[in-house]
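Chain lettering (A, B and C) follows the sequence in which the chains are written, and residue indices restart at 1 in each chain.
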Amino acid sequence: MSEHVLFTWLDLIGTFAFAISGAVAAHQKKLDLFGIITLSYVTACGGGIMRDICIGALPPAGLSDWRYLGLSVVAAGTVIGANQLVQKLAHPVLLFDAVGLGFFAVFGAHKTLAYGHGIGAAIILGVISAVGGGALRDLLLNRTPVILQKEIYASAALIAAAFQAGGETLGWSLRWLPWTAIALCFAIRYLSLRFHLNHPRFADDD
Amino acid sequence: MSEHVLFTWLDLIGTFAFAISGAVAAHQKKLDLFGIITLSYVTACGGGIMRDICIGALPPAGLSDWRYLGLSVVAAGTVIGANQLVQKLAHPVLLFDAVGLGFFAVFGAHKTLAYGHGIGAAIILGVISAVGGGALRDLLLNRTPVILQKEIYASAALIAAAFQAGGETLGWSLRWLPWTAIALCFAIRYLSLRFHLNHPRFADDD
Amino acid sequence: MSEHVLFTWLDLIGTFAFAISGAVAAHQKKLDLFGIITLSYVTACGGGIMRDICIGALPPAGLSDWRYLGLSVVAAGTVIGANQLVQKLAHPVLLFDAVGLGFFAVFGAHKTLAYGHGIGAAIILGVISAVGGGALRDLLLNRTPVILQKEIYASAALIAAAFQAGGETLGWSLRWLPWTAIALCFAIRYLSLRFHLNHPRFADDD
């Protein structure tokens, strides 16, 4: 698999996972058909559009490439059609969100490097790619943004983006580097949800 | 009327309509003078600034061309001065918003094509031009964004943007194309408000 | 002190002041370590990133230059470590916010001119640099954005940005121009807070 094909797949899988998480959240809030498609699209493409604007990849891929909108419509249709199946999952929004998080952190870091920017920008823009769509989803639905909730979230994306950007700069093999970074991110996020792990807090110390 | 003059007018009329809708919303929330001007400007220029950033038209026209800020100040003054007149309209925010929606969907699609981008980007950026300012207005005022409300809204902009982008690509005459698209958008939006038409919903089916 | 060094210092001082204000606000809301760093960074860099995107300075300095993230981490650590000291200040969020406001209005206007844009864009982007980060901070914390609160706020930034952009265009000496603009902004903001000065309101007149 060529490098280009590999990263295209990482991007599309992440897009679909976030699109599902946005559609489920919109469905739970009883939005109408258009609202579900809109939330699905904003969640899936919001972070990538922020990234593309910041690296100067204009117009952003989420706007110019029909596959992103297409995936959002398919995700919305899937959630509406297979709702009983989706409901059986414990926390479908968090689950699909955790999958998208790793794929987008890795792809965002890679695309920033590919546009000739430095490793620092690659790490931060990997995190923004990964958390931007979910933050927009929560702002539009008037929920507390997931990025500010108590569980470890953006830090999982940060580790994946740093691992990918660092490894790619050091020339590590792309055969296993992105998958390891994605697995690392998912594992951290899953364990923090499963065992309610949190960052240290300080407000009560004083 | 040359093409350039035509589209400049579409942009300025849309700007003024959105500026009025933002000023009325701010006035209803009892904001002060500066708050009314700010809301007027953000509603009028927010969507266009998002569009210009995405197509690489920097700095965005809403920031570099004084006419946009000027129109926002005039709209704020009009709403403050002629408040009793404006109050007599049934739903002034929704009414002026519906006018701006069509003008911006058409102008946004046209400007995206004029910057050399494809028809897909033109349609999506037409919608973003049209709905972006109103979404910012509602986020700042802590209201449910109009784009997620039950009535048909962004889909009216989508039809106008697709009609304009498609027609322009096919070389249809600009003498009637933009006006037809704008009338179509306003008619769809007006009828959906008048008869409480909504998109299908699914949450109760399951 | 060369012009470049002068404006770098204005930018870094403004960044640190906003980072402190964001960290204090996050600490008051009892966010965890990562939430405090995130809020600190978003408040400090949000406005500058909006400005850089609009003037085409890509990738935005807040993303590509590690000093900004570093200052945010230091500010978060300071707020956590010296919390009892910070608590003794009457309104630390408003105080540090008022300091950052003037520095960013002046630096934002200067950077826009330095990128070859006009005086109109320089004034508006000075204001956006100054108020953007605080608006994001308040949106994420679900507070009423400071820009829409009753006291004179964005207008203080507007005066500083207009003073700097106008003076720089007229060739006034940089030895005293930026400091005067910053002092003007801080004085206006401080007096409006101290004496509860507000813009005129209209809602009750009708």
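Methods note: contacts are C-beta pairs under 8 Å (C-beta built on N, C-alpha and C of every residue); 3 or more make two chains touch, one makes a residue touch a chain.
This is a predicted model, so every value here is computed, not measured.
**Q** Could the interface between the copies subunit A and subunit C be described as same, meaning over half of its residue numbers are common to both, or is it different?
**A** The interface is built from different residue numbers on each side, given that under half of them are used by both copies.
**Q** Through what angle, between 0 and 180°, must subunit B be rotated so its C-alpha atoms fit those of subunit C, rounded to a multiple of 5?
**A** 120
**Q** What whole-number Å value describes the gap between the mean CA coordinates of subunit A and subunit C?
**A** 30
**Q** Going by the touch rule set out above, which residues of subunit A reach two or more other chains?
**A** Answer for subunit A, listing residues that touch two or more other chains: 53, 56, 139.
**Q** State the interface residues of subunit B toward subunit A in the complex, per the touch definition above.
**A** Residues 53-56, 112, 117-118, 120-121, 124-125, 128, 139, 144-145, 147-148, 150, 152-155, 198-206 of subunit B touch subunit A in their complex.
**Q** Within their complex, state which residues of subunit B touch subunit C.
**A** Result: residues 27-28, 30-36, 38-39, 49, 53, 56, 58-60, 63-66, 69, 80, 83-84, 87, 139-142 of subunit B touch subunit C.
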